[in-house]
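The letters A, B, C, D and E name the chains in turn, as written, and every chain counts its residues from 1.
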Amino acid sequence: MNAETKSTDAFEPKIVAFVCNWCTYLGADLAGTNRLEYPANIRILRLPCTGRVDFNLIVKAFEIGADAVLVSGCHPGDCHYTAGNFHARRRWDLFRELLDTVGIDLNRVYFSWISAAEGAKFQKLVTEIVDKTREMGPYEDYKKLVAES
Amino acid sequence: MAKIGVFTCWCGENIARNVDVDKVSEAIAKLPGVGCSMNYKYMCSEPGQSLIATKIRELGLTGVVVASCSPHMHLKTFRKTCELAGINPYLIEMANIREQCSWVHSDKEVATAKAIELIGMAVEKVRRNHALQPIRVPVTKRALVIGAGVAGIQAALDVASGGVEVVLVEREPSVGGKMAGLSETFPTLDCSQCILTPRMVEVGQHPNIKLMTYSEVEKVDGYVGNFKVTIRQKARYVDIAKCTGCGSCWNACPKKNKIPNSFDYNLGNRGAIYIPFPQAVPARPTIDPDNCMRLQSMKNGKELCGICAKKCQTNAINFHDEEKFVEVEVGAIIVATGYQLYSIKKEQENPRIKGYAEYGYGKYPDVVDSLQFERIISASGPTGGEPKRPSDGKTPKSVVFIQCVGSRDNAKGITYCSKICCMYTAKHTMLFKHKVHDGTASVFYMDIRSGGKMYDEFVRRAIEQDGAKYYRGRVSKIEQVMVDGERKYRCYGADTLKGTPVVVDADMVVLAGAIMPSSGVTQLAQKLSVGYNEYGFLSESHPKLRPVETNAAGVFVCGACQGPKDIPETVAQASAAAGKALIMLSQPELTREPEIATIDEKLCAACGACVKACPYQAISIEEIRDRKGNFIKKTSRVNPGLCMGCGTCVAVCPSKSADLIGFTDDQVYAQIESLADVF
Amino acid sequence: MSKPVQDWSARVEELSGAKLNDCYQCGKCTAGCPRAEVMDVPPTRIMRSAQTGDVLEVAKARSIWQCLSCQTCTARCPKNVEVAGVVDALRQISIETNTFSDESLKVVSFQKAFLRSVRRNGRTNETEMATDFEARYFFRRFDVANVVRVGLLGPKMIARGKMHFKLGSPVKDKALVKRIFDKCGVEL
Amino acid sequence: MDIGYYPGCALHGSSNDYEASVRACMTALGVNLNELEDWICCGASAAHCINHDLATALPARNLGIAEKMNLKSLFAPCPMCSMELKKANDAIQSNAALREKMSEIVETPVTGAVDVVNLIQVFQAVGYETIAQRAVKKLDAFKPACYYGCLLTRPPKTLKFDDPEDPTSMDELLSKLGAQPVEWNCKTVCCGGGLTLCDEDAVAAMTYRVLQNALDSGANCVVVACPMCEVNLDMRQADARKLGLTKDVPIFYLSDLVGIAVGLNAKALDLNRRFVSISDELKGA
Amino acid sequence: METELRNAIRKLLEEKTVDVAIGYGRVGVNGAVGATFVTNPDDVDRLVWNNECRQNLATHLTRAEIKKLGKPAIVVKACDARAVVVLCNEAQIKREDVYVIGVVCDGIETADAAGNKTGALMGKCLSCVEHAAKNVDLLIGDEAAAKALDEKNAPNAKSVGHYEKLAKLRAMSQKERFEYWREQFSKCIRCHACRQNCPLCYCNRCVADKNRPTRIDTSSSLKGNFAWNILRAFHLAGRCVGCGACAAACPAGIELDLLNLTLANAAEDQFGYVSGKELGELPLIGTYSPTDKEEFIR
């Protein structure tokens, strides 16, 4: 977060979210319309579909200092493009296995289905991710690895 | 050299209350490539837009970021602004600092910092935007309507009357669908066939409608405005151009009245050459190859029977008929494949759905479903409208009607309400009571759902005037018992209003089975790239605002294939689909969003990962040849007419030869990296 | 005057595993229940009371002890609710709160006699259990007719070798059985 | 074939004729029954009414023994026992906390790894074809009403056996052996066995309904796979006669009929102790 | 077997069934075994077959310089044969355009840093349950013996060799695993030998070499090495046939095949998918089932 505006040096988790344009992005909009407050630690990247989310993006997010990453899209059956989320789901499943073997902390990688109607779910999940990440602390392992590069 | 203009909106107090807009503008002005950064009370207002336009012209901006509300709200507005100001409308990005910032974070300092970052991301993205031109595709002014029940008939007539050619495909030998078999319709009790038959005749005669009965959609190629559809015409063994429909063939068939007629749900019989019902359109017969003695004997090299051909004056019968494939080119497709009733039997095809062994349907002959009852009570039905029960032809004196059989029953695997059963069951009780004055009609229901013009009055009439006995409760079991030598069906039910069990001995039981999409609809949906839910009901683009469009451009839906609905709703939706199709077909050409996938053909290894992953079959493997026609290499190539821009291909492409315009890797990585400095 | 309802629904859900709010009161449980016609509170009403949490009222009902645990209600419930499990939960609550009705004493005594026999021997000894049940029930209610009816069955059973005064094969670790009862907090 | 065996209290008590029949039949079919060592009562009809934990703990103790004995599957001829064992097994398998709690209560590790089976499933495992091949006598004198009662199929979520509304597994087996099972209404209608000592009037009416429907449907006997059903339908028949039951209906265990088919005699199957006596013809003499 | 192999190839070349044979020969200064290309029937004696034939020759099928030589015959072990199948399924070669000679393989020995045999079998060989190559035009060697080996290995196939290593790795804590790879990847010099030797890394330009945007740090840094190795493994998800060429080629001795094995294992466990099993098989990634598991999704 911007150094000037930071009131204390307390750890503020940095979350990057890749969300689909048709469900989760609208769900986040709905959270706004309903004024459902949540921590400001999340930065949303709008993509057309979770099917577009290439996994190097997640690695990239850690490289630039993210403490947790969220990928979220439409519930199964609701995909604007009929099946993008199904494709994504299969890849996520495999990618998690790989990350786990490499020793990347799976508690820092979240996947969710949030529909355009689920503003409250968005709020709840983001709050939970921020709280949990705050509890875990900065992703020192990855940060160190980047710093040493 | 980039010169980006950033315009931060106060949205009145909506943003400015929680975001220090001056501080934002100041911080953004320092970002590389930003040529101007300012804020204003209402960017979407007329003066706000002209402020942007003026700056574009004055400063020669190469890109614009508007930091205000959600792009779903005003991206179109600001694109237009840019276009009017003379720069390409795709050179603008929005930063959502209202829905996703000021409205959800109350700490002004924190929200301001976040707003700066969100705008920073947008700036990095827009620096990498390119001018894009909408994709233009030509339109074939012809529509395909799949299914010729009341929905398909209505849609076809409306499109045809709008002056556009229609190909109407129906898999049964006649048009008419389920409605042609109904007795009378709620809430007016007018005769279903009387109102439908004139429409059926009209589709048969309309100069703009090409009717293809006994035919099915085999294959769909192409894309919006330019579909190529292959239709399989099944062998009918009767040349309907030669046939006059005189009837001498079907009257002479030795199998006449010996084969169960599926139009009567096997309660009545027909011959091996038959018309399914007297008002059929086309009024031309079909030979059922499984039951025709000649066609069966031909398999063994013999030529038995053939009486129908001998009787035919016009030589219309052709025992050597074969199925044909016809290709039609259309610009729009309307799906109207309707419904079928849930099979209540113990055995079910779909392992997810369970049968009602406790009701004995399929085991007890006088336990029928509601469509069978329609035929039993219909004047044109197998009993001539006299209510007779199937087992022994006796007039039932006591009939039990059970609603929600399958519907709203999680244990059987169907959770939804079938919507029309409350109404037609009330109708059934009335029709029964009108014919059997001393009879008892008992209804077991869970809730009465009779929203609709004159609908509740109709249900009340069944209870108050015609004396149908309504019990609020489900039936647990039906047993066949003998009472004083009479076959009865003992229904163990409940009256939850009284709080007691209720046992009714019935002569006949009518089960209001759940409405399911027609068989084969999911396969059709896959051919059309239309989504469907777990039950196979087709998905509309938006449940409220785009109820007849689908996410497959150029494909529209109407009627019960999209969800359970009654005749008035079906007809209204059919007209709506026809209207939408006509609007589309009235354009000289179609424009489509240019934010679609693209392939770097030089680097593509043509591994085909994208081809298989594309939900729209929009990518194919093509050959690259030099001017002389020598083969150079293979590559994937995107069909811009078909691509919807989901980007699944980008994610699966190992070499990243695939990219998504508008959301390129270049843009996305830049957005992420813009956060590196602040994180 | 109606009194405010004390909400026991959470406890019922915990004991039964049933999701009470799933019930939409269709009546299929009552419709199929072999005992519903004699019940003071039929299954659908039991479910409704459990749903609203008004459990102590229905814990008094005769019907929860008239239930045969035949599971027809659970098997046919269109919402997959554990109706029979809810009845079991209510029985447990009625014993814990001592709210079961007088008319149900006979069944309650029988079930307790059954478990006492298990607690003592590790297995039921039907003769011992029947005697225990009859004796205790008799002294509570002086129901002579019952003793006679059951007593009449005795000789018939003995004649067919169906009544045994000793357990066929005794359980070795009887102490463990007692510990199991104690750890579950069963008082009989 | 080897299989774990949990007789349950009834088979060691009033229904010891069922045990005799089952054991004779299994021996004839070459099925070796490994009786659970030091088994205890499963709590059957009573525990679930009184205490939820106890209702899981009693079967859990037996499951723990079975696991210790390395038994993959456990045969409980009494459907009430097999239902309670299965229910506890499922609950323990799917819930780690419960697994821990129960292991502690019963002082034996229990993981929920045992496959509990009923009598019909044992016959299925042997194979209907195999049984038919071993048959020496055709059951053509039998027109049985196959009575599944409550707990062979219910609750379906736990039992996952046959169709809970229209089961046919017993009918299929007996048809293969030459009997002619009747189509009737009461295959899964409760006979009232659960309250046979507490509510005689109600039980008599329920017994009457089942037996009369069997007779009306043309049956000459009722076949059960449950000791409670047998004792209730057999013992309460006198009361049912008072309500109008038109004649006596002999009650058989399924193992009796299979036993007769493979050549066992009435003595081996212990058929002489029924309340309603069985004719010599049906005894297979 | 070696003679049989030479004779078969001589015949193929003589009869002009193929134009070139891709086989193994002693090519290194110290007699190390590597790829050998024979176009003249008289040269077939240069070909060898022994338990040092570590390379997966399928790599050469997609190389432009080899393609120029005409229709190839290729010598493959069972694992390599699966790579040929994947290449066909991914339209990089046509099955009818290559003559595949399978050799029954009873295991390949590992080499030490100097390239000498160690006497120990490669990890993949310990758990091999397919000793005779499938989908081949000609199989050389004793099929029955191969089958016996398959059966011998089958019971413990998932617990020995590199499976054992993977199990050990997975038994560590997440932090320990991270530290393990951190150490391993710190040795990576980004020589890309893994890519070069992988039969399925055939992209015209690797994404790791692309800029605009630079998706992966191109220099040898820990950051870039992590990103590269994750990406390389994931690009092979549902494709890697487990030939182990990557790990064998790695000069730093990083056990890259463990990452591939993780994914192959997950593919088999969760989707019943084994890559390279059948011609015409659809890819794992790029297809889906509506019932794929998703309990990890919130």
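Keep in mind that, in the parts below, a contact is a pair of C-beta atoms (placed from the backbone, for glycine too) under 8 Å apart; a residue touches a chain by one contact, two chains touch by 3 or more.
Keep in mind that this is a model prediction, so the values were computed, not measured.
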Path length in the contact graph (chain A to chain C, fewest steps): 2
Chain at the geometric heart of the assembly (C-alpha centres): B
Farthest-lying chain, centroid of Cα atoms versus that of chain A: D
Chain pair with more C-beta contacts, A-B versus B-D: A-B
Label of the chain whose CA centroid is most distant from the centroid of chain C: E
Mean-CA-position distance for chain E and chain B (Å): 47
Averaged-CA centre spacing for the pair chain E and chain A, given as whole angstrom: 35
CA centroid of chain C to CA centroid of chain D, Å: 22
Whole-Å separation of chain centres (CA-atom averages), chain D against chain E: 58
Multi-chain contact residues (two or more partners), chain E: 207, 215, 285-287
Two or more partner chains touched - positions in chain A: 55, 60, 77, 83, 87, 91
Per-residue overlap in chain D, given as positions that touch at least 2 other chains: 164-165
Listing of all chain pairs that touch each other, if any do: A-B, A-E, B-C, B-D, B-E, C-D
In the complex, chain C residues that touch chain B: 22, 24-33, 36-37, 41-42, 44-45, 72, 76-80
Chain E contact footprint on chain A (complex, rising order): 55-56, 59-60, 63, 76-77, 83, 86-87, 89-106, 110-113, 125, 141, 145-146, 148-149
Partner chain A, residues of chain B touching it in the complex: 27, 70-72, 96, 98-101, 103-107, 109-114, 116-118, 121, 529-531, 533-534, 539, 551-552, 595, 613, 615-616, 644-648, 650-652, 656, 660, 663, 665, 668-669, 671-673, 675-676, 678-679
Residue numbers on chain E that touch chain B, as the complex places them: 90-92, 202-207, 210, 212-215, 235, 282-283, 285-287
Of chain D, residues touching chain C in the complex: 9, 12-17, 38-41, 43-55, 57-58, 61, 104-107, 150-151, 153-157, 164-165, 188-190, 192-195, 197-200, 202, 206, 231, 235, 273-275
